[in-house]
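Should a chain be cited, it is by its letter among A, B and C, assigned in written order, with residues numbered from 1 in that chain.
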């Protein structure tokens, strides 16, 4: 078995995708994350686990929010953090991606957090770097966003304790969503018996059922008796044009309202990766309501990223 | 009394404005600031008062200079600093201001330094955040810029020792200046008996005298026998158009020259919040002259921001 | 002798240019740099030499790569680093360069790393700052880029041990290159007996031979029997227009290919300051070939910048 994320000892060498990520490693990450969260408020302690190490946030695609979560996680581990918005610089000077990466490696970074608009970019970089450098995929094209999926799994486990007895619905633009892909792989790996996707046909990949999910085009049916509702963000550029008539139309059929949520289990939780489009994919009364765990997701996200970084730093 | 800046123990919980800020808290800040300045050069010592704490510079409006002063102050206190230029990111993705703030709170920042082009933004955020998070207003619209006013008070006390015997003139575009508003409230709170504003009618708010100031439209009269001259920056966008004929015309009537300064007291000090427009609101010979304390203001500004942060961090 | 880079004790006060930099100081920098590199991999250790000090990266001209190398070097020395992209802020508000510098000095930085598009900017700033502040030139116009030249010298010494027996060729757009100027001064100071420049007449400064170099217009002749080939980057804006017909034409006559490199010594090394234009000034087979030391240059660059900073911080 040649898993590009594992080293020869079977340890996590890079975190690129939840697809094929062994269940024992997923559980290790979730367990480790919980050690960084203190008390009821979920305070995050500063620890010296990455003291003297350098983490480079290499963002070929701009994202202040995601970059910030990794920056905080690294600083809470006492690492030195260097932020690079590469979109604005070297590559526009005609340098190739791999030359840029080679240069950053030669600066002796210990860890790269990579975001790129092209699917597969993080894999390409991971294959290319020196063996002592670890790569974390912070989102590549439509492919994967594994730390988002792992923080979602942490959130589910926090509220539901177990995975083996859950019914989970992922709602929205699955077609363009790296988050959805990573969630589906994580949920099935962790043993969730029923994963549903709920979306109009134009926003579903062809043959999506081959990923092990059940397909629904109707919200009332798709949400019936689910334990977890995972909403997806509707990208602004999808809100008009060929795939969707308008944001208003979308909300009418696929927006999560309290009425629609009523068909889910009475203790169902509602998640969203942010940033939310209130009134498009989710109604404000749900976003701010008692079922919403959207803000705890963010807190858990810091702890999960700390866990990933500290596990990578511990690989031999 | 419901002061949004104080907690129930009467301690400083947020620093939003100098309006209504108790005199004992202003004096605490000035006293604390002096402990961070060493020797004649005004060296600033690094201390561990905010070790393990995270300070987020949340700038909805870009300002490298102001962001830098807060960043240095936080780092001199050994805090971890995360810079966010929000103008470029989430809000442009359609997220609301309060959703952005909620997300940053969920990342467990200890302190937000907020700059926003809308008056009242810092208050809104302060009302919204969890009780363990402290907000510092780094400038909101035309409303307030309290750390600038407090560093100005520190500068005045440094050179003049007392406030109760001073005559102070604020000169320039009071109408559009959050700095002027914060200065006026601070000066009157600290007991300055005579605060003057000197400006053309078009650059004064209506009923400005209700703030407890005397109004002058003539520089020679306005500067007569004053101890302190506080110049305001003339924003580029004011230099032409409806309110002012031109920058040259403005300098002719309201530019601070050595000639005009001669009517002030012989030991008067000249201040400016920066960045200066030389030859517009101030002549170079004054900016660089013996009365100018413009650069000490900057140094004191670091110490005052350290004082504010350390006092906030100590609130229970 | 009034060398603006030295203090009255003859110690390095600022690093502005390699021109006139005493050979003993160059050798000190190279010796010091080697102490930061560990083992065969060239690992860079974190040391507390600049603990409590503030390094400001003051970039009037944007360069993510160069800024990053200085940021890493400073953090590896345990300094606090503040990044300022001044191009985007104060100067565009009408403030003069020296007012900006005065303000940054008043914030009590210990060291400025300055990049500016105008030749002489770093000198001007160095003359202006308070005596306890050190200035490092990170590139000023077409004038100088001393840390690049010093890391090149480190690289040459690493592979060739001595300077006094070398034949070195600098190839490309010498006319517009601050790197080439700084390399030539460093090479001649360190005693390299034969320095060649190889370029079309349109890309050479007039009277370049007065710098102590031999001029070649033909690659085969210019590279014959050399020990070191130092390639220059061809700026995109030169690739078409008055000075050059096209990038393709340039590669045909001045691109470094394996064929052309064959006339150099069999153990010649090939250097490039990056970012490379593959297929314009250098062929990929050479860039990635056994003679290339382009990536070690980057690693040595971190150590050399650490050496410069720690020597400056030690000046009395």
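The rule we apply is simple: a contact is a pair of C-beta atoms (placed from the backbone, for glycine too) under 8 Å apart; a residue touches a chain by one contact, two chains touch by 3 or more.
No experiment lies behind these values; they were computed from the predicted model shown.
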> Which other chains touch subunit A while also touching subunit B?
Replying inline: C
> By how many degrees does subunit A turn when fitted onto subunit C using C-alpha atoms, rounded in steps of 5?
Replying inline: 120
> Any idea how many Å lie between the Cα centroids of subunit B and subunit C?
Replying inline: 41
>> Touching at least two other chains at once: which residues of subunit C meet that condition?
In response: none
> Can you list the subunit C residues touching subunit A in their complex?
Replying inline: 41-44, 46, 62-65, 68-69, 71-72, 75-76, 236, 274-278, 280, 295-299, 302
> Can you name the residues of subunit C that touch subunit B in the complex?
Replying inline: 52, 54, 80, 82, 84-86, 88-90, 93-96, 99-100, 102-108, 132
